[in-house]
Structure formats: structure tokens, C-alpha cells
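The structures considered in this document are given below.
Next, two complexes with chain A in common: one pairs it with chain B, the other with chain C.
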Partner chain A sequence: MLRISNKIRFYCKIAAKSDLKSKLDFTQLRHPTKVPQQPEPNAFPDLDNNTDDDPIDSKTIQLLERLSLVDLDSEEALKTLKSSIQFANRIVDIPTENVPALYTVLEKQQLQLRNDSVTEGNCRQEILRNAKITDEDYFVSPPGNIPLEQQNE
Partner chain B sequence: MRRHLQFGIKQVHSSYLDGRLSPHLVTEQAVKDALSLRTLNAFIRLTPELALLQAKESEERFQEKQPKSELDGIPIAVKDNFCTANVPTTCASRMLQDFVPPYNATVVSRLRQAGTVLLGKTNLDQFAMGAGTVDSIYGPTKNIWSEDLSKDKWRIAGGSSGGSASAVAAGLCYAAIGSDTGGSTRNPASYCGVVGLKPTYGLVSRHGLIPLVNSMDVPGIFARSVNDCVKVLNVIAGPDSKDSTTIRQPFRKLQLPEVDQINLRSISIGIPKEYHCLGLSPEVLATWTKIADILECAGAKVEQVSLPHTAASIFVYSILNQCEVASNMARYDGIEYGHRALDERSTEQLYATTRAEGFNQVVKTRILTGNFLLLRKNYQKYFEKALRVRRLIAEDFSKVFETNNQAVDILLTPTTLTEAPLFRDFSALSNRDQCAVQDFCTQPANMAGIPAVSIPVRLSQNGLPLSLQLMSKSLNEQLLLTVARWIEAQVSFECLESGQLQAAEQ
Partner chain C sequence: MRNYLTIRRLATKPILAQEPFRKWKSVVGLEVHAQIASTSKLFSGSGTSFGAPLNTSVAPFDASIPGTLPVLNRKCVESGIKTALALGCQVNEVSMFDRKHYFYADLPNGYQITQQRAALANNGLMTFPVITPGQKLYYKSVKLLQLQLEQDSGKSLHDDHLKRSLVDLNRAGLPLMELVFAPDLETGEEAASLVKELMLILRRLQTCSCKMEEGALRVDANISINQEGDPLGVRTEVKNIGSVRSISQAITFEINRQLDIVSKGGRITNETRSWDAEKRCTVAMRDKEVLQDYRFMPEPNLPPLHLNLKPGSRSTSELLSVAELSEEIPELPEHTRQRLVEFNKLNAETAIILVNEPILLEHFMYISKSLKNLPTKIITNFLINDLLTYCNKLNLNLDDCTISSANLSDILNCLHLEEINLQAARQLIDLLHKNPNESVANLIDQHKLQQISNVHEIETFCRQAIANQPKAVQQYKKGKAKALFAIVGEVAKISEQKANMKIVVDCLENLLKTTAQK
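After this line comes the complex of A and B, so read on.
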């Protein structure tokens, strides 16, 4: 058996090089190129300077925090949120009359269905193993039906 | 005498068969190399005991002349957003830092059935949200091609599957699994100088891949050659009863012709003009131009085509990504699995604190933005609108691939706009801008569900890989990879030639 050593890699490089075809010359072309040599004009001019129209008030932020159950905890995050919304605004003027929404690229194929019967299971211990707190065979949560406390009213 | 050991999986396999190499020895070496190149931070977790055990089993199979497949005994790495039974799967997040799945993702179990050796779990941007592998709680992954790996002078590996790309580029494993939602496999493949395949949506099962954007996610493959990539695809592709979104028709294993048997005369290559966008580097442009030229020299029909909605795609992608993220991330509440905060005031309070502690700023902002875009008053304006424009983008592709007399077979474009950026330049941008720039050429394929592959072509002035992307129509992997293989043979890019690797070997 051959000993694998780091030298093999080195050897392979030499081996690969010895029969290397002449390196391509990237400045020489034989045909008029079909690749555009100038950038296509940008159909979506940069709107980032246009930060005046504030799309989001503090009530909306509170709603988003409740829906998301994450906190918008800094000025930086708020700035990112606003700029992401502006980013999304770039497509609102594209004409899409009579264009149906594309929910899935597999829309032409039927979704696979299976019989409604148990095929696997008996893995309670394995499932519960990943919970931080369990009680007998139950997951445990603190009291429900209490609204989230929100600061910055 | 050692010529057969040029690192192709095929050659390793035949060396296993005739006993010149053994899976155990190769795996031992891979573990050793991975440890000596720890500075790359390609792995979140190495699994040496498991790998050596699997290698030993593989070795026994070879001794009995009964290997399970051509991949038997081949060390492979898997991105840490694929579930691996009894091996922690973290998504590089605090939320899943202690999560130990009780089951294997289908991709992982198929690789196991083929006898591969799992070397470890690779690094990524938290929950795969990024284009640099810089937003991981385990720290960023470095690119083996960096001129200098110290301080902040190193190059990013790209993302979000940067760990997998880096591991393959550094020769630590023969192939690796990543995921690709908007370019997360092709982008790091491009920067790290390896082959990166995003298969047709639905060709490879996503069961056990922790979801990011369900309507676009696909498992991706990294390898050092197109041939190796095909071998992995042949093992993992095909219908899966555990993923109802897999394509139901049986998968026919790909078999690529030898390079000298490839005839390009009947093949039509399209150059979509919109892919020359602002910010494309002159070196990438020259690479794109030259490869189009050599294809034409070889007899392929090369023509310029237009995909008019390309520029809109990045905005649509951003909207759909954030909306699906907002929905997908709702599952993390701290009760059943994952991080749980010490806050027992109320259920909602527990959820909120858990999520505040478990997610980074990028994840939180995408959730908040997604929920804004999905508000009742915004749903039509943004979400529905984005889905309509998505159809226009997908139709652009079907027009160029299917218009009767002018149909093209393959589209040739850049993968990334530049060589791998320096970490310090990249991290100065916001996550949104990082992705908006880096995903320009890659995310349209995810919108349309079509297959795409990034292949390395040459080195830049700075000695960094420059790559190009090929795309084709759905389920046309055979032709896509045949053309990729042909280009690969013309350019003779050497995946393992990086200076850092040579330094590590001395």
C-alpha cells in the first residue's frame, strides 16, 4: 500500500502541469464577441438618497414586534428595516396586469400525496430530548394569554 | 507511478479496489489536514471518531471486494444546516447551538448508504442568510486563496456555504454538500475556485435541510471537478417520499461523455446581455468574453440573448426571501428544541426573549421586514407583486430555452462580479448590500428553479480564482455538466494550487 503523504499533492501538481496545454490567452479573440463590453443601463436607478418619505411609524413598529416576537432594538436595525422597504419598493411599478402569481416552479406537477397512515413513530424520547424543559412526557411553557410587554410606547 | 492519484474520486476508488490506498488512511490524512488548516475555520465541528469508524467499515467492505458504490470510503463534508443523526446541527446560530437531530437529512442518509465518510459539519452564515460566511457565531471562514491569512487581510470564502467551499478548495475532502437559495453554493464555489452545482429545484430532496426559503432552497454540491460533482449528484438525486416537492419522475443517473467525444457543433450558447451589470470587474468580463470565444471556435453557436427582467430579480428575491424567512423562523420559540431563555413571565415573553437572544441582527431584521411586507395592507403591493414579477423572470428563461427557431441550450454568465473580496472591504457593507451585489447573477436561477453550475476558469492578477456560471432548462443537468466539463478541460484550472495550501504543506 502506498503511504499517503502531503507529497502526493505536490506530485499531482507536477503531473498535471507536465501535459498542460498552452494556457489560454485571454486577450486574443477569434470571433467578434457576443458578450456586451459595456454594462446594460440600470433599469432601477438607485433610490437610496430618497429617505424622506418615512414609510413606518412607531405604531407599525410595535405591531411588527408583536407579530415577529423579535425586538427592533437599535437605530441601526430601524435604518436597515427602512432601507429594505425602499429596496422592495423598486418593483411596484413593473407592469404585471394579467400576470398570475408564481407560487412554485413545480406548478405543473401534481403534489405527491401519501396514504393517511402511520409509517414511523415511537420516537417520543428522541423528540423530547431536544427540549430544555420537560415534565413527564410534556413540553412545558409559561402561562399563556398574557400580552407581550412592550416598552417605547 | 502515482499518476492515478490525481484526486479524482474515480482514481481514489480504483486505488481502494486494488489496495494501493485505504479509506482509513485517506480519512486519517483528511482529519490531520483539517486540523492543521484550522485557521480557515471551514468546519464548525469535525467528527473524527465517526469518520474513522465509517472509514474502517468501508475498508472492510473493500477487503471483501464489496464496496457500496464509487463513493465508498470517500471523505465528504456537510453544511451545518443539514440534519445529521446524533451530530449537532447548529445553522451557525445560538438558537440551534445545542440542537442534536434524531434523524438524517435524505441527502445525508443517501451519502451514508453509498458508503461515504462524514468528515464534519461546515460553517455558514447564520441560518444561511448571507453571501460571505462572515455572520456565523463560530466566526468567519477564510478563503484558502488569500494572499495573507492573518489579521484582517484575508479574503472571504463567499457564502452562505463558505465552509463547504473552503474545505473542498483546501483539499480536506473530495466533495461537500451545501445549500443554494440565491447562490449560496455557486458564490463560494466561484470565490474558492471549485465546481459548485445548484441542481434543478425538486431534483434533490430537502428533507432534513433546515429551511430558509422553501420555494427556492436546493441542496448544492461542491467538488474539484465536474466528474466528481456528477458522482455525488448521482447518489443524492431522485424522488423522496419524505419531501413532497421532489420531482416524481425517476432520476436517470448522469453519464458524461469523455472530453474528446463532446461535440459542441449542435449546441447553442446564449449570452444574456443584462448580466453585464454595473460593478462587473474587467477581469471577469475578459474571462466571460474569452470563454464565449473558445466555445464559438469549437463550433458552438454563440449568440447574445436578452432576459429583460434580470435587473428586477434581485428585488423580487429580497422580498420573497424575507417573507418566507418571517414564516419559517416562526418555529423557533424555545419550547420544543433550540435555545430557551430564562424568562417565565408568559409564553409570549419567553418566545420574544428566546428569539432576541437566539437570532443575530440579520435574521431579526429579515423577520421584521418580512412581516412588514406581509401586513394585510402590504400583501398585494409587495408579496403578490413579487410573485407576479417572479413569473415574468421565469418566463424570460423559458422563452430563451424554448422559442422554436432561436432556442439556446445553455446560458453563459459570470457567477460573481469580482474575485473574492477582502474581509475588511466586505464587512464594511450591510448584509443587504453584500447580498444585493453578490447574488446578482446567481439568484435568477433560483427564481426559475433551473439548474446552474459555477466552474473556475483562471486566476486574477491577485492570484484569486475567477469563475463563470452556466445555466440550462430544468432537468437538463446532463447537457449543462457536459458543457461545463468541456470548458473545464480547456482551461485546466488547478483547484489545489493556492499558495496558502502549499505553505501549509511544507
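After this line comes the complex of A and C, so read on.
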């Protein structure tokens, strides 16, 4: 959190310095930020001081590997995973009883509808250009899903 | 704690009475994917025509090119709402889109956009007639739990030899309605009848072509068996059912397979099976090892879909009115059947056959209007027993039979006026099918199909027939009334099927009486 607020302060400094007429560039904020400059006091346990190491069992790791297609074999990857879980877990402490879930800030907006007419397509060359291997206008892929190799099996 | 103890005590009581034999029940639930008839895809502007050249009906969005966003097709929402209303659903004022994740080459996004938390519509009810050969017609009602909009995936061709898959994305992003029915069915016939009725409704609404051979309508069946009074058994899912006939066959096979396993003391495992139409059996599909975790999440690129539910409201460019769409719903098949039974005095079975075959229904409506004096029974008998049988014999689809309603009406009129007989009428169906531009009157002249009603001519035929069939004559005179048919048949043969049979029968009876009196 400290790192994030540091970064915001950094952007604000740039915003203050930069020329307001320049093109839209998200690294250069043109308006004073609405993000609070000081973190709100909260009841979350402090991450940095949290040293208790919940071990993740190997079955869970294997499932996560399969779902995410990310290799969690190395010490480094495992550490990142653990800290991600710790970071996300803090949301559990927020009381949300009787609060309807907010899925999008656009909830009250009408969803844009499009008329039913063909306006795209017929661009096989462009579409296939992104593929590494093609054959007679098909994309070519490995057969089905190949599960990641499991080290403990 | 106390509860726990009482349960324990009950459980340790000796079983006093032998458990009575309880019948096995089968439970069937269907999931139907119907491709919405539209010219462009659900979220992109690429085309939807079946059989387009490989990877040509693909927009950058369908190929998941970064930076593309989904824009919902208005027509697809309208079709979904119409279908929902026709099936008695409650359309939801707000529905939402979700991402359902799975990693597969023909799903370039890595997820399918579907509706899970809040679907377009819920709580429908479908009532349909079930005709099982040798059983009385009955009506069945099945709850429609949910109707949701979602995308289709691309198509993969598996090349086992070179160990690779070939992917065509033309189907990726096509609009689908998924209809989830409650497990209220019991047999394969009921399931097939449900799908038949659904197809009739969707075709009337023009929201789906229902061409199962093109994959425009796909049916998955969930099947389980349990003993009366028990909770539902472990279910298997049968996929890959490619025709209406297969639905009934696949489900009947699967029920019997499960009953067989249970009777041998085995256990049914939760698995996905595939219907093999050639071998007529279900086979286990290679299953995913773990229960799939689809990791549903709200689709962040699509805000909720709002609909106007106010009665009398009109649609605007942004907000669709359910009331306005409900006015566009045509007469539904069940309504037509009731009208045929009440207004045209048809029996229920005949009404069902006519409604199942839209072409026959069209012919019937035309003929019953143009020949008001003709009893409807004669029209339906002719259409079902003669026209439909003719087409079935030739393995001809009714859609490909080009005989016009006006021509059929002319045939029936000639038949009614006794200008021709039934034999000639049947011959005319064949002649008209082969010469669609000829008129009925011309064909009758050309092929000399006029019925012979001249009493003298008929008498000559009858005398000849009596002479040819002395045995039958003798039997008839001894009181065997059925022997007359043999003589009548002989007359038909002699007259080349042209004699007026009513007059023939009268004439024969007279002749035989007079000879008997002599």
C-alpha cells in the first residue's frame, strides 16, 4: 500500500510539472487526483508484519497450476502465490452483510445494443496472420489439453 | 445432542417388516442449445451463414484480438425475449453476463460469455402432446428453469495421425439460447416430444432454424434412475444427440443400461456419455479428471442488460420493451391444434399430425376454405393417408414436394364430385409431383383417369367379374358377406381401377340377388 501511494504522489508531481495542453497520457494526470493521499485507517492485519506461513498443500498447487497454466514449481513462484493469497484474503475481513454486490459502476447505464447486420469479417488473412502455425486456412493447435507435468506424481 | 441420540436409537432398532418391492423410476432432464437465427453474431458484426469458407466469418473480436470489445446484438435479445414469452417465462428486468472459463483451442478468449447469475428469463412451463405408438395420447408439462443468452465456440477437427487440432472460428461467437428444463420427464418418447414441440414453437417464432443436422439445435440429456420414494439417483449426461429420433433412442438405451447395471448390483457413476447413432448405444467419453472449475466472474465489458417490463411500453434505441415484443408473437402450435379441434372439428391426433407438418397444415387451411362443403375428415384423410404416405414412400421431404394447395384442392373436388375415384386421385399425386406445371383437369384427360359411373358399362364389368370368380360367388351366396370384396376387386382389375366402386357394389349385390332368386 505504501508503494502504491508513493507512486501516486510521483504521478501527481509529474502532473504538476507537465504541459496541460499535451495529448492524453495516463502517465501524466491533468487533474488533481481523487485518490486519497493518505491511506484510510483500517482494521486489516498489516501484511508486512504477517509472518505466519500457511502451507499450501500440493494438491491445491496442482489444481492452481492446471487452472492458471502457470508453473508454480520454483521457490520464487510459490512465494508470489502465497503473498497474493495473503493480499486477497484481507477482503474476507470486510463486513459485507446486507450490502448488495456491486459488479460494475455502470450498473444504472443501459447496455448498448447493435443492429443485426454484417459489418465485419471476411478478413481471413488478417485473422490468420496472428497465428504461428496454420494449414489450409485453419489454425493449428496441439491436440486437446495437455496437463502440466506434475512433479509429485 | 438429543436429536443425535434419538436417531441412533432408531437406527439400531431391528427392521421388523420386509421392505416391499419398489418400482424403479427413470428421470430425464434436457438442456437445449438453440442457435438464434440472426444475420450477425451475438457480440460482433461478422456473418452467421452455415458453411461459409473457413475462418471468413470471423471478426477481430471473435478471434480475441486485444483491444476488441463485445457489443450486444439487438435482434438476439429480441429473439430470446420472444422465445421466453412463448414458453411462459418470466422475463427479468435486469440480466447480466458472466465469463465461464475453460482453456480450449476453439475458444480463443479462454472463456465463454454466458449468463449465470441473472439470466434473461426464468420459470417457464411447456405443455406438449406425447404420442407413443400403441398408447393413448397424453399431455405432459415440463418446467423451463432458465433461458440464457451465450456464445458458441469455434469448431475443432482432430487430426489423430499428426497429433494436432485444426481450428475454424466461423462458429465462434454465434448466438445461442440455452434452455434448461427441469428433470420432469420419464421416457425417451417424452423427451423427443418435448424437443419436437420446442422446434415447432421456435420455427413459428422464427428465432431458430432448428436444423439439427447443421448443429443449430443441440440436445443434452441428463438421465438417472431411482426407486419410488428415494431421492434422485446418480445421473449420467448424454451428449452428441444429432436427431429427434436419436433423442428417444439414446435416452431409452441409457435408462435400460442403468437398470441393467443396478439389477446386477452395480453402481452408476456420474459421467458424460456420447450417443453413437450407428451402433445405437451410448459410450463413455474421456472425462476430465477433476470436476471442472469454470471460475465464473462478471463480464466486466458488458454492463447489465435492462428491459422495459411496463405494460403498453414501446422499445427505444436503447431499451427494449417486453410488451411490444409480446405483440409480435404469432399463434403457437397448441393454439392451432385447439382451433383445429374446436373450429374444424378434427380429432386431437389428426390435429397433432397436421400441426407437426406445417406444409400439410397449409394445404388443409387452403382446401377447407376453398371446398367448404367437403367434410374435413375427407381432406385430412387424403392429406395424411395419401399425400404424406406418398412422400414417405419416396423418402421425400414434404418441403420438397411441389404440389400446390390449389392442385390438391382440385383433386379433392373431382373426388368429391365422383369424377375420379381414390385410385385415380393417388395416381394424380404422383403425376402432379412429376409434372408440377400441368393442371389437374389436363392430367385427368391425358391419362384417362375419369371414373366410370355409367350403369350399363359397370354392369358389363360386374357380369364378367362374376363369371371370373365362381368360388367367391358361391361363398357369398352361402352367406359369407366378405366374399363380395373378392368380386369387387375383380371388377376393379377389369375396369383398370376406373369403375365407381359405390355403383359397383350396388350393382353386384343386385345381380347376385337376382341370380340367387332364380
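In this section, the second predicted complex is superposed on the first by the 94 of 153 C-alpha atoms of A that agree within 3 Å, B and C clash if a C-alpha of one lies under 4 Å from a C-alpha of the other, contacts with A are read in each partner's own complex, and residues count from 1 in each chain.
As a working rule, a contact is a pair of C-beta atoms (placed from the backbone, for glycine too) under 8 Å apart; a residue touches a chain by one contact, two chains touch by 3 or more.
Quick caveat: nothing in here was measured; it's all calculated off a predicted structure.
**Student:** Who does A:Ser117 touch here: chain B (first), chain C (second), both, or neither?
**Tutor:** The answer is second: A:Ser117 touches chain C but not chain B.
**Student:** Touch check for A:Leu67: first (chain B), second (chain C), both, or neither?
**Tutor:** both
**Student:** Count the residues of chain A touched by chain B and by chain C, then name the partner with the higher count.
**Tutor:** On the superposition, B touches more of the residues of chain A.
**Student:** A:Val92 contacts which: chain B (first), chain C (second), both, neither?
**Tutor:** first
**Student:** Once the structures are superposed on A, label A:Val35 by its partner contacts, choosing first (chain B), second (chain C), both or neither.
**Tutor:** So A:Val35 only meets chain B here.
**Student:** Quick one: is A:Ile56 in contact with chain B, with chain C, with both, or with neither? Answer first, second, both or neither.
**Tutor:** A:Ile56 contacts chain B only, not chain C.
**Student:** In the superposed arrangement, does A:Arg129 touch chain B (first), chain C (second), both or neither?
**Tutor:** The answer is first: A:Arg129 touches chain B but not chain C.
**Student:** Regarding the shared-chain residue A:Thr80, is it in contact with chain B (first), chain C (second), both, or neither?
**Tutor:** The first partner, chain B, only.
**Student:** Between chain B and chain C, whom does A:Leu106 touch in the aligned arrangement: first, second, both, or neither?
**Tutor:** Once the two structures are laid over each other on A, A:Leu106 reaches both partners.
**Student:** Please report the chain A residues shared by its interface with chain B and its interface with chain C.
**Tutor:** Touching chain B in the first complex and chain C in the second, residues 63, 67, 69, 103-104, 106, 109-114, 123, 126-127, 130, 139-144, 147 of chain A appear in both lists.
**Student:** Quick check: in the complex, which residue numbers of chain C touch chain A?
**Tutor:** 38-40, 44-47, 53-61, 63, 65, 71-77, 96, 101, 103-105, 156-160, 163-169, 289-290, 293, 295, 298, 300, 302-306, 317-320
**Student:** Residues of chain A touching chain B in their complex?
**Tutor:** 1-4, 6, 8-13, 15-17, 20-21, 23-24, 26-27, 29-31, 33-40, 42-44, 56, 60, 63-65, 67-74, 76-77, 80-81, 83-85, 87-88, 90-92, 94, 96, 99-106, 109-114, 123, 126-127, 129-133, 139-144, 146-149
**Student:** Along chain A, where are the residues that touch chain C in the complex?
**Tutor:** 63, 66-67, 69, 103-104, 106-107, 109-124, 126-128, 130, 135-145, 147
**Student:** Okay, in this complex, where on chain B does chain A touch?
**Tutor:** Spelled out, the residues of chain B in touch with chain A are 2-3, 5-7, 15, 19-22, 25-26, 29, 98-100, 102, 171, 201-202, 215, 239, 241, 244-248, 271, 273-274, 276-278, 280, 285-290, 292-294, 296-297, 302-304, 309, 311-312, 315-316, 318-319, 322, 326, 333-340, 343-352, 355-356, 359, 361, 364-365, 367-369, 371-373, 375, 381-382, 384-392, 394, 430-432, 436, 448-449, 458, 474, 490-492, 494, 496-497, 501, 505.
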